[in-house]
Amino acid sequence: MTAARRKVARKSAAKKSVARKSAAKKPAARKPAARKPAARKPAARKPAARKPAAKKPAAKKPAARKPVARRSAAGKPLAGKPSARKPAARPARARAAAPASIPALMGYALWLELDAVERYRELADAMEMHNNRDVADLFRRMAAIESKHADRIMKQMDWSKVPPPPAGPAPWAGAEGPETVAHEEVHYLMQPYHALALALKGEEQALRFFEALERAASVPAVKRAAAEMADEEREHVALVKNWMARVPPPDDGWRDDPDPPRYTD
Amino acid sequence: MTPTATATAVTERPAASTPATFKSATKPIWCPGCGDYSVLSSITKAFAMLALKPEETVVVSGIGCSSRIPAYTTCYGFHGVHGRALAAATGVKLARPELTVLVAGGDGDGYSIGGNHFLHACRRNVDMTYVVMDNHVYGMTKGQPSPTTEPDWDSKLAPGGTGVRAFHPLVIALASGANFVARAFSGDPNGTADIIAQAVRHPGFSFVEILSPCVTFRPDQRSWKDLVHPASVTVTDDPARAARRVMTDDGFNIGVLYAGGRTPYPLARRAHPVAVADLEAEFAP
Amino acid sequence: MMAHTTANANDPARAGLSIALAGSGGSGVMTAGTLFLSAAAKAGAYGLMVRTSGPQIRGGEAAALLRIARAPVESLDDRFHLLLAFDWQNVHRFADEIPLGPSSLIVGDAAEGEPPAAFVATGARYEAVPLKKIAKGIPGSWTNMVALGLAGALAGLPREAIVAALRDSWKRDAASLAANLAAIDAGAQAAAGFEGMAKLPSLAPGGGRWLISGNEAAGLGAIRGGVRFVAAYPITPATELLEWMAPALAKVGGSLLQAEDELASINMIVGSSFAGVPSLTATAGPGLALMTEGIGLAVSAEVPLVVVDVMRGGPSTGIPAKSEQSDLSYAVSGLHGDAPRLVVAPTSIADCLATTQWAVHLAEALQAPAIVLSDQFMGQSRAIVDRPADLAFVGKRVVAEPNAPDYKRYRDTPSGVSPMAVPGNPGTAYTADGLEKNEAGTPSSGARDHLMQLDKRARKLTLHDYGDMWADVEGDGELAVITFGSATGPVREAIGRAAASGVRAKLVAMRLIAPALPEKLDLALAGVSQVLVVEQNHGAQFYRYLRAWFDLPGRPESFHRPGPLPLKPAELAQAIVAAAGRATGAQARTAVSA
């Protein structure tokens, strides 16, 4: 999995479809938050300079991989009211054991982004295949945004290539990275509003993840870095909310298809 | 490899290959939201974990939504006829034992039209992995009941339900001699990848039943993600024990349920073959 | 007309000696027959042994139908010189299969009763020999060995050949060997007083002969052609082919797997061949019917494979242990969609080797399924033949190079054959598919791709140079007899008999049935004004196939008869002479439009 993320990172600049290119440009114009990262203070981000020696990522739980533990967010993924969502859609966002070093923390932060990028691209492909161009474009834009985020982490850490991931289970409890939109959350007739709702959910989960890490971290530098990441996610939450406000909410019958499904093989 | 060794989670993450290495440029035709997207992701993740080479891996399938998977990978693929994936895969593995063979398909393909091959693949115990994306419905033909469909599930072809008891693939697999039996859930791609990787590593015939919801014909299956839970048991190498468990659980028990130690089907060939001409002696009168 | 054919029938110098050994289960008829054939081979004879039996697995009536001659024989004769019955239980059921005449001899054991009326009515002479009593007098010996000695002596087989045959095959202890050798001698002595039984002409032991069944020959041909994997499901009369191949394949580094059914068999070999190993399955009609979807997959995915169909009486379960050429229509057209496939048919027991080997070669070269139409007669009969020549046909498919640039599995090449990437080859991975596809192998329902791939799959078969193997073309005449498979033997013999009475006919025994190559047949039929199509089935399947695909001169005639009785030279000679009569004066060939 890590490798996929690495690859995505490497490819992010090289392999762009037309759709992606335009997507990469547009958001800047459209949404305020895309500009925001520039405002970040690089100095504040330099914790990497004093990386604690700890090479081992963390004392992660030896227990076998955790299973799916989601219990809420019942079968209404596209209900459209993201704000009403229970905060604990993915409970126990961060495990008790927080990364013990800056590189470990930033490694996780990086994979979290790369995983989300990859998934957004898959979802964009699926939407394209099903002729839902608007949502496909939106997912590609999200992929571009998260990809930039990943690039920034690379730059901050002075990583020329994606570092090998720490062994062991990731410190998040969900089935996938907290920012990764689940495959089963989408629908072929979904509208940009739905897509943004899913994105918002991801950003909120990422926010809670870093908040939990901040609370759990014992190394001060790690604590600080987690707080910074949380700040950033908070900005993303605001950005997506802002974006959503400008997109019309869907009609009740958005998923109605007058034709029955088709026979294939 | 002992059962206990294989029962441990695959946690290493070798960097030799990546999931993206195994994803082809062909885009899936599955309905957005389909669990099969996640299973594809899990399969590519598992292949990367195992550091396989795409050209030395063969993905074999029959017919059905999930059976489209081979072309979505960069491996050698075989998309054969309905129900016969296990047979084709057996041929691949016997012909080329050095290849890694993964068979993928759905519940109709594997348990109905291919049911006989499922039984015999389990008992033959050829070293390969069978991944079934079970959504309790025929998707490509527009929503007919499959062997795993609930008896009261209403459909056009069986109004009011079939009234027929659902097939229990895990018990059948155990009774027939599969050497590794697990249940996974598409909504947990990382966990599923882990299980698939374990299945591929386990010698003999490994069977992974993946609950993979059909968003189009079984929207009710969206609730699966709230129903699944980890198997709160350790892996057993006793098929009777495993069978009792899976017969009494709620059907949403996720994890490796059985890892046996049966000897796989022998694949070795004679190291020093005789010349073909030597076969002729018996015909001299 | 009958006169000239019957004239030859009982002349051992020309037509050999025909002997039927019959009896009920447990009497060892088949063992005696096999030893007789083996002894004949050691003595330098050619010969043939056809098995026939009731439906019982054990204990049923059985007969070994033998024909021994100085020259190769490929069919049974019209009459038997000798019927030697170990007992008469239900042997009357073989009355049709064991035709006798006034010059025939019946030998039976009086203690077992009188010969059945059907045999007596032929006018054959009857001699009683107390076979069982003789065997009882030699503790440890068997009745069938007494019978073997008797038959051998009557036929004029050298004693040492019979003894050698018995010794070579003996698997029990020395004491019982001695007892049975004594039984053979006692049987020979019992024959001493008989008069009138024709004897074999003097034989010169010849080297380089083989004693082989069609099923074994097909198995060896497959291995010579390169087959190293077989998956199959047991079925009469193909099982012996598989039983021969199982240990043989293991010896040469291959393997055989008994599948759960024919659906599995065919799909397993599609898989193994996809993985790069030349593969084969063998079956009979019911199995072929189950396999057709998989064969269609091989057509579409362009996977080479060979299916040997050892035909038996049909439809459905039909007559499992008897021969018939009635799967032809199914073999040439029994796939859904436009699905070009190779269909070839061996023309004799020995030719089962060459034709199966050729089928492997063709399948591999053309990346297509090849069906070999053998049948129960060739498959289960055992013949003494000259050692089949070593053929150059070895399966060799065009494969993709590692990392071949811009590789497309189904590239639209001029020949229609495109390099096949085999798993393990880097940079050329593709998905083989039964879905229609584009050149790269991606599923496509586009009109252009469909037409392109249909053309490609048809073209690669029709453009191939099949050389002389497409048919055995022999002799000359205004009349040509076109036939295939096991009908070739009796047709060849019948043409010989017709020639003896001044009627000349050309033989065209087609080894390549599909694809149809009309220009090849046109060349072979140059100067022919009339054709007679001979086959063993009820529906004149070959005749209709030829009329659909080929231009046949004159008014094509058909001689067709279903199994289970084998085609006999006499009935065919009669048909040939009659057809030649009609051909005389026939106008220039008229093309028959399909």
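Letters A, B and C name the chains as they come in the text, with residue numbers starting at 1 for each one.
One rule holds for everything that comes next: contacts are C-beta pairs under 8 Å (C-beta built on N, C-alpha and C of every residue); 3 or more make two chains touch, one makes a residue touch a chain.
The shown structure was predicted, so the numbers you read here are calculated from the model rather than taken from an experiment.
Engineer: Per-chain Cα mean versus the mean over all protein Cα atoms: which chain has them closest together?
Structural biologist: Minimum centroid-to-centroid distance belongs to B.
Engineer: Among the chains, which is located farthest from chain C on the basis of C-alpha centroids?
Structural biologist: So the chain farthest away from chain C turns out to be A.
Engineer: So what's the Cα centroid distance for chain B and chain C, whole Å?
Structural biologist: 43
Engineer: Cα centroid separation between chain A and chain C, in whole Å?
Structural biologist: Computed value for the inter-centroid distance: 69 Å.
Engineer: In angstrom, rounded to a whole number, how far apart do the mean CA points of chain A and chain B lie?
Structural biologist: 30
Engineer: For chain B, which residues are shared contacts with two or more other chains?
Structural biologist: none
Engineer: Where in chain A do residues touch at least two different other chains?
Structural biologist: 265 - these are the residues of chain A that touch more than one other chain.
Engineer: Residue numbers in chain C touching 2 or more other chains?
Structural biologist: Within chain C, residues 435 contact more than one other chain.
Engineer: Going by the contact rule set out above, which residues of chain A touch chain B in the complex?
Structural biologist: Listed in rising order, the residues of chain A that touch chain B are 1-4, 6-8, 64-75, 77, 118, 122-123, 125-130, 132, 164-165, 167-170, 175-176, 182-188, 190, 260-265.
Engineer: Enumerate the contact residues on chain B facing chain A in the complex.
Structural biologist: 8-9, 11-13, 15, 17-21, 27-35, 37-38, 41, 44-45, 48-49, 63-65, 67-68, 140-143, 185-191, 193-194, 213, 215-217, 219-220, 222-223, 225-226, 228-230, 254-255
Engineer: In their complex, what parts of chain B are in touch with chain C?
Structural biologist: Residues of chain B touching chain C: 26, 53-56, 58-60, 70-71, 74-81, 83-84, 87-92, 94-96, 98-99, 116-117, 119-120, 269-270, 273-276, 278-280, 283-285.
Engineer: Across the complex, what residues on chain C touch chain B?
Structural biologist: 38, 41-42, 209-212, 216, 220, 223-224, 228-229, 231, 248, 250-255, 257, 259-261, 263-277, 279, 293-294, 296-297, 301, 384, 387, 421, 423-435, 441-443
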